[in-house]
Structure formats: C-alpha cells, structure tokens
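Following this line, the structures themselves.
After this come two complexes, each holding subunit A, first together with subunit B and then together with subunit C.
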Partner chain A sequence: MEIRLNKISYIANKKTQLQKTILKDITALIKNNQITVFLGPNGSGKTTLASIISLLNNIDSGNITYDNIKINNKIDKINLNILKPKIGFIYQNSCDQFFCNTVKEEIEFALDNLNYHTKDKAKRIKDSLKLVGLNPSYLDKDPLKLSNGEQKLLSIAITLSYNPEVIILDEPTLELDNHNQNKLIKLIKLMKLRYNKTIIVFTKDSNFAHQIADYIYILNNGSIIVKGLKYKIFKNEKLLKENNLTMPDLIKFSYLVETEKSVKIEYRDDINDLMKDIYRHVR
Partner chain B sequence: MQKVVEIKDLNFSYQEKEVFKNLHLTMESQKFTVVLGPNGSGKTTLLKLLLGFEKGNSVIMLDSLPVIKENLNRIYKEIGVVFENQNQNFVAETVTDELAFPLENLNYGKEEITKAIDQVSDLLNIKHLLNEVPNNLNAGDKQLVALASALIINPKILLIDEGLNNLDLSRKNKILSILKKLVNENQITIIYFTHDSEDTLNADNVIILSNGKVQVANTKEEIYKDENNFLNANLEPPFIIKLSKRLQFYDLIQDDYLNAEKLVNDLWK
Partner chain C sequence: MSGNIMIGNYFPAKSNIHNMNPISKIICTILFLLMTIFSFNIEVSGILVLLVMILIMNTSIPLTVYYYILKKLRYIIIIFFVLSSLITFSLIAGLTVGINVVLIILIVSILTLTTPPTEIVYGLEKVLYPLQKCNIKTNTLALNISMALRFIPILIDESDKILKSEASYGVDYHLNIKNKIKAIKTMIKPAIKRTLKKQKEISKSMEVRLFSIYKSRTNYRINKWGFFDTYLIIVHIAILIIIIMRGVIT
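So, the complex of A and B:
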C-alpha cells in the first residue's frame, strides 16, 4: 500500500487552555514495499503521527490517501472498515494492551475483532507465532509473564495474524536487548522482502534507523525538517545536532576519520566492512 | 573499599519460576555501578529485592543495613529511585509540586524546598518544565522529572531501572556525565540497571547478569578485556570495544579504546 500524507495538521486539547499544535503541515510519501523511518527526538510528534496513520486519531486539516482511498478530518465509517484490517499498529508499550489469559486468546481476539475469516484459525495463530520465532509452547502462556522481548514479539505476531498490508512500529527497540533487537531487524526486513509489506517505523534511535531504513524523514517540533536517503541524512552532523539526534556509530567513525584526518573511507552498514576499509588505509 | 550492597546465597522464585539461585553479589560504595543484563535476566527483580519490595531466603545488606521491614523507613530516606515506567507515578499538578512532594514528606521548610527545587532543576536543565503538568510531558521529560525527584532528597544511593531509555541519546549522554560527576564530587553511589551495553562506558564497575546469575563482576576495563563476557550473556560489547577488538586482531592497535576520537588519532598518526 502507498500512503500519501498531504499537509496534515493535528491540534491537541482543542478549545481548552492547553490547546497545542502537535503536527503541522506534514507532507510525506510512504512507498509500497519500503521501510520508511520517521526519526525524531522526544516530543517531536512521532507517536501522534503514528496513531494518525493508523487511523486512531482524526486530523484537523490536510488529507491522507491510502492507495485510492482519501480521508480528511472526518473519517467515513465505510472507509474505516476497509482500511482498519489493512493497517497493523504496534504500540510503544505494547504489553499494556494485553488483557487475555493466554497468548492464544490474545491473538484470537485480534482476529475476531477485525472479523478476519480464515479456514483454519488454530493454524493461523500458530503460524504467526512461528513467524516471529516463538514456538507453539507459548500458546498457553500468560502474556503478562513473558519477558519484555517476548512481549514485543507477541505484539508483532498479533499484528501479523490478520495479515495487514502496512505495519507501523512506534519506538520498537526501546526495551529490547541486543539479541532481541537483531531479531526484530531481521523480522522487519523479512516482512518487506518476502511478504511485500509497507513498513513505517517511528524512532529516535539512529543506530536502529541506520540498519533498517530505505528512506528517512526527520520529524521535529511537529514538522518534517528534512527527508532523504540514509547516508545523506546521517552524514549531516549539523542537521542531526540541531534536532537532538546522534550519528549512528558506524557512520560517526567514518565521519571522524574524514573530518579529523582528511582521509576518505566508505560509509558502511557493517562493522566488518568498516574494519576492512580501515585495514586497507592504515596498513 | 566499603560495600554498599552485599548479597549472599540468595534464592528467589517468582510465581513458581526460579529467578535467582545462590546469588552472590557485592557492589562498592561511592561508585557508578552498571548492572547489565538481557531482557528477563532478573534486573528488575534484583532492584525490588534491594528495595524490600520482594523477599528472598537470605538477608540483603544495603549500606550496612539489613533490608528488613523494620529498617525500610530509614533506608528510604537515604535512597532515590527512578523506575522504568513513569506513566503512573506522578501525583502532583505541576512539576514544582511534584519535586516538593518528597521534601514535604521529610518536613523540610518552604525556603529549603524552593532552594532544593532550584538546584536540582538547574543541575538537570529542566527549569523550563517547572510549571508543566508532569503527566502531560513527553516520555523523555517525564524521566528527567522522575530523576529530579529522586535526586532532590540528596540521596546517598541512587537506583535507576532502565530509567533513561526514553531520553534522546544526546540528552541521555549529558545526564550520564552529570551523574558521573555526582559520584566523583559528591560521593554518592549510583546503581544503574540496563540492557544497553553502551551505558557501561559511563560506569566504574559493571556486573553482567544472565539467567539469574552473575556472569561476571569487575571494573569496566577488566570486563572489556574479554568479549565473551558479553557474548555469553547474549549481549554485545559497546561499539567502540567491538571495533577495538577487531583492530587488535589485525594488529593495528594493542589496547581497548573507550573513545573514538582518540582511536582515530592513534590509527592515523
């Protein structure tokens, strides 16, 4: 699915003293079968934008097009029912959403809630767990007793169970250790490559963005500051600093070498490639 | 060196699941200790045991006091805690009132309270938040307010549970260096629980927890000497250590580097 955001704005606490513009004139193109990352610091509007694209919040002005369906400040019920099952949103504190006694019931609830029809529900539940690397022994476990990492994987499994076209993740790495982060990165890439999903990630984690992004929008103070391919964005120290963001470790090293020593080494995605470049230059 | 935490032969199970078996652990006073462990390694449980929220089979010593019911009031006067999730923790209508709250509980006078709020908000650079509603703040600012209200009582010991994860990396690094200064200059003890190996770069000492056991405990420099200390716990060393190890393998450098600028300078002399 292709999503076009056209000059959307969102105002919180309307008509009260606390009224505040959270998003202002956001325009962006989220391409089909790509990983689009919205990178921004605390309070930049990431979670609000994520819930708007997920149709959980209405916009105040502008419009959004999902393939051919256009929505504006009033969402038509018919359109909502068409779009809802196509969009999967994985919350930042996804474990706060769990309320069933078992993992199985939790996934089942999502399927029933969206009226998802499948010939073999039990198999569908098992398969979505398998996709995220959780074996069938998890079916009868209590979701609230899983570790943080497992809970994150479960919330992704719940989303995958109804096979949405778009997967939206809000700060997915926050609570994850190295091992679970690597698992998540592989899973997101698999979703794109094998299952042709459109993936939208909201994060302030530059290292994570660097590892997964096809295209990046920098969001700050409710506006899009800049958009572009990752090397263009991540080599721009001034831009990152102005927006309270940091350079990914790998890029930072190459950048340091270039600025401090006037030696140009490639910008790399993998520490072993960087290593080889250094070896070639220094030896 | 004086011990701030002493745990001997501790067993603890949570809802029939064994979390710790024969746990042995000590932490030094007036140091910045990072307790590093993957998800589900027992970090939060350990914090709860230290605070007396949970009870194991053997008595824990915190600042030479047994963590038992009778001592909890005394202990709580000396420690500040920043919990992982601040969503439900705020009680007051403004940040100023939120910060005054712990001091009012300790019967501080009005002037003292104003002065303390001024100092801590200056230290953490949150003066601009003082009139805001704490529950309306963004996740990062919430964590700073939680940290401020833990620091405002001038604690001897500060415990932080994944407490700075919501901050932007640039702000997090600034706060970590402020905390480090507090340890060095004001002699407080900081115990920082995290899953993020990068945080160990700010530590004096590191304890790696894995599967309810202490994998290794030492100064950070010693821990960095062997990458397996991290890998065995299903973790990765900090980026700069990973790079150092690879460069050592190719004989380009001899020692671990903790600073990228210095490494670049030495490589291209």
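So, the complex of A and C:
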C-alpha cells in the first residue's frame, strides 16, 4: 500500500492557553513494499505522526491518501472500517496497547474484531507468538505482568496476527535488549522481502535506522527537515548535529577514515562487509 | 501525552480565585455542595448556576476547558437525569438533578483547576483538623481525598488509551452505538487495573522522596488570608441561609 501525506497539520489543546502546533505541513510519500524511517529527536512529533497515519488521531488540515482512499479532517466511518484491518500499529509504550486478561485474549480480540478469517485460530495465535520468539506458555499470562521486552514482542505478535499490509512501529527498540533488537531487524526485513509489507518506523536511534531504512525523513519541531536515501542523510554530519541526531557507528567509522586519513572505504550496512573492505585495503 | 485538561488537573493562571487561600476555597466548595443538597427546585438551581458562572469568570480559565470537562462526563450527567426523572416521574425534577450534577462537577473543577494538589492537601488538613478530636487521622484522610481527586485524570487518561487501542483493533468508540457499548464494556476493568498499577508506582515514588504521613511537614507557600477569601465565604453562607429559609418557608 502506498501512503501519501499531503500538508498534514496537527494542533494539541486547541482553543486553550496550552495550544501547541505539533505537526506543520507534513508532506511525504511512503512507497509500497519499502521501509520508510522517520528519524527525529525527542519532541519532534514522531509519535503524533505515527498515531495519525495509523488513524488513531484526526488531522486538523491536509489529507492522507492510502492507495485510492483519501482521509481528511472529517471522520469518514466507511473508509476507516476499510482501512483499519490493513494497518497495524505498534505502540512506543507496549503496556498502553493491552487491555485483556491474558495474552491469548489480546490476540483473539484483534483477530475477531478485524474480521480476520482463519480456519484454525488457535494455530494462528501460536504462530504469531512463535514469529517473535515467544513460546505457547505465554498464552495464559497477564500481558501487564510481562517484562518490558516481552511486552514489546507481544505487541508485535498481536499486530502480525491479523496480517496488515502496513506496519507502523513507534520506537520499536526502546525496551529491547541487543539480542531482541537484532531479531527485530531480521523480522522487519523478512516482512518487507517475503511478505511485501509496507513498513514505517519512527525512531531516534540512528544505528537502528541505518540497518533497516530504504528511505529516511528527518523530523524536527513538527516539520520535515530533509528527506533522502540513507547514505546521503547519514554522511551529513552537520545536518545530524543540528537535529540532535548521531551518526551511525559504521557510517561514522568510514566517514572518519575518509576525512582524517584520506582513505576511501565504502559505506556499509553490515560490520562483516566493512571488515572485508578494511582487510582488502590493508592487503 | 494527550495533553487533555481534566477534572483533577491544575491549570496555572493569574486570577482572584487562583490567589485565594486553599482553606477558603475548600470551605466555599463544601458550602456550595450543601447548597446543591438543599436546592429542590429549578429556581434555586438557577441561582446556583449564576454563582458558578461568576466564579468561572473569576478563574481566568478558558470556557472551553470547562466545556471539555463536562463533555467527558456527559454520560454521568445523562444517567443522573434519566434515573431521577424515572424515579420521580417528573422531567422538571430530573432536570433539577441534572443541573445540580453539572454544578457539582463545575465547582469541584474550579477547586482542582485553580489549586495545586499539594495546596489541596494542606487545605483539607486544616479544614478537617476539628475531626482530630474524634480520633480521626485527618492528615491521612486529607491525603486520601487529594489522591482520589488526582486519580480521576489518570483513570480518564488510561480509559482514553484503552479506547484508542481498541480502535486500532476495529472497535472504534466513535463509529456507532454498538461499538460504543462494546468499547466501554471492555474498557472498564483494565482501566481500573492500570490506574491501580499507576497508584502503586506513585506511592513508591513518594516513598523514594522520603514522604511520610507520620512526620510533620512544612509548607513552602505563604498562604495569606485576604479580603476576597472572607468576602466569598460570607456570600456562600448568605446564599445557603437564603436557600434553607426558602425551603423551610415553602
């Protein structure tokens, strides 16, 4: 599914003394079967934009087009009903997503209310957990009593269970250790390559963005500052610094070697490929 | 995250009501609640509406804030109106009760919007002090009441989050009446559960900051008693006496 954002604006606490413009004239194109990353520091409007694209918040002006369906600032019940099963949203704070007594009920709620038809619901639920590395023993557990990492994995499992076309992740690495972060990166790439999902990630973690992004938008103070392919964005040290972002470690290494030692090494996504380049140079 | 203004949340502003002593604000709130108890007809409710409007004008808080609070609690108001109309077989009586419920919500909102939570605890402790003669731990009671008020916005926030989460799974509260009922039915228990969980976290946070009800505490704000405090209490007492006398005579 292709999503077009056209001059979206959002104002919080309208007509009160605490009124604040969170998003100003956001225009972006999220291509089908691509991983688009919105990278931005704290308070840039990432979570608000994520909730708008996932249809949880109304916009104040502008419109969003999902393939041929246009959504503007009016509540369009018919189109919302069509779009909701196609969009999966994974919360920044996973515990905000849970409201059932057990893990099984959480996944069942999504399958039942989004009219996901399956011959074997129980198998579907177990497979969703297996995909994120949780075993069936979690089915009877209380979601609120799981650890932060387990809650994050569960929220991903719930979203994957009803097979949405678009998966939106808001700060997905926040509660995950290194092992689970690497697992998540592999899972995101699998969703894109094997299952042709459109994936949108909102994060402030440059290293994570570097490993998964096809296209990057830098968001700051509610506006899009710059957009482009990841190497173009990440090589620009000044731009990253101005927007309180850090250069990914692998890019930084290649960048420093080029600028300080005048040795050109390719910019790589994977450390193993970078090590091969260095070895070739040393030889 | 939602930034909503709620009953129980302090709204900073510069106004006569904000500058009042918390003790006088609590006394006025109690007097007003007594007035609503004694208001049996719509004319008296009209006088109370006028009083509340004057108080609201003196808070320098936008009317949209109060409108938003009433909008959030509209179902409670409707339930009271319907139940009292059915019990008394009178729409006028139902309307009087409905208006009184609105007034109670507004007067408590005025108190919580214009008084920081710590000041409410201070005010309650002082107002409830005479109860210590009856061996009642007024400082604990004051803290419990203040925490109860503080948890209303937390409960509403958690309910909002759950409704949004349900909406992402196709049960959208705003879509139709069937979805509304399903959303509310599924929301009540987890909202209370999550609020209680937050309550435990807040208690731990207070403990970490060495808060203890068994130790004497000082108040860093200087709460002066001004002319406006005395004036407003006298006005409230006068209106209450008039309402009671009117009830006795008629």
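The rule we apply is simple: the second predicted complex is superposed on the first by the 279 of 283 C-alpha atoms of A that agree within 3 Å, B and C clash if a C-alpha of one lies under 4 Å from a C-alpha of the other, contacts with A are read in each partner's own complex, and residues count from 1 in each chain.
By definition in this document, contacts are C-beta pairs under 8 Å (C-beta built on N, C-alpha and C of every residue); 3 or more make two chains touch, one makes a residue touch a chain.
Because the structure is a prediction, the values reported are computed rather than measured.
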item	value
When subunit B and subunit C are modelled together on subunit A, clash or fit	fit
First, second, both or neither for A:18, with subunit B first and subunit C second	both
Subunit B, subunit C and vertex subunit A (Cα centres) - angle in steps of 10°	70
Touching partner for A:89 - first (subunit B), second (subunit C), both, neither	second
Which superposed partner A:113 touches (first subunit B, second subunit C, both, neither)	second
In the superposition, subunit B vs subunit C on subunit A residues touched	B
Which of subunit B and subunit C A:136 touches, first, second, both or neither	neither
Touched partner set for A:252, first subunit B, second subunit C, both or neither	first
Contacts of A:80 with subunit B and subunit C, given as first, second, both or neither	second
Contacts of A:148 with subunit B and subunit C, given as first, second, both or neither	first
After superposition on chain A, the shortest CA separation from subunit B to subunit C (Å)	5
Footprint overlap on subunit A, comparing subunit B with subunit C	18
Subunit A - residues contacting subunit B, complex	18, 41-43, 93, 145, 147-150, 174-180, 204-206, 241, 244-246, 249-250, 252-253, 256-257, 260-261, 263, 271-272, 274-275, 278-279, 281-283
Residues on subunit A engaged by subunit C in the complex (per definition of touch)	12-13, 15-18, 20, 47, 51, 54-56, 75, 77, 80-81, 84-85, 88-89, 91, 95-100, 109-110, 113-115, 144
Residues of subunit C defined as touching subunit A within the complex	1, 3-5, 11, 13, 62, 64-65, 161-162, 164-172, 174-176, 186-187, 190-191, 193-194, 197
Residues of subunit B defined as touching subunit A within the complex	15, 17, 37-40, 85, 87, 136, 138-141, 162, 165-171, 195-197, 234-236, 239-240, 242-243, 246-247, 250, 252, 260-261, 264-265, 267-268
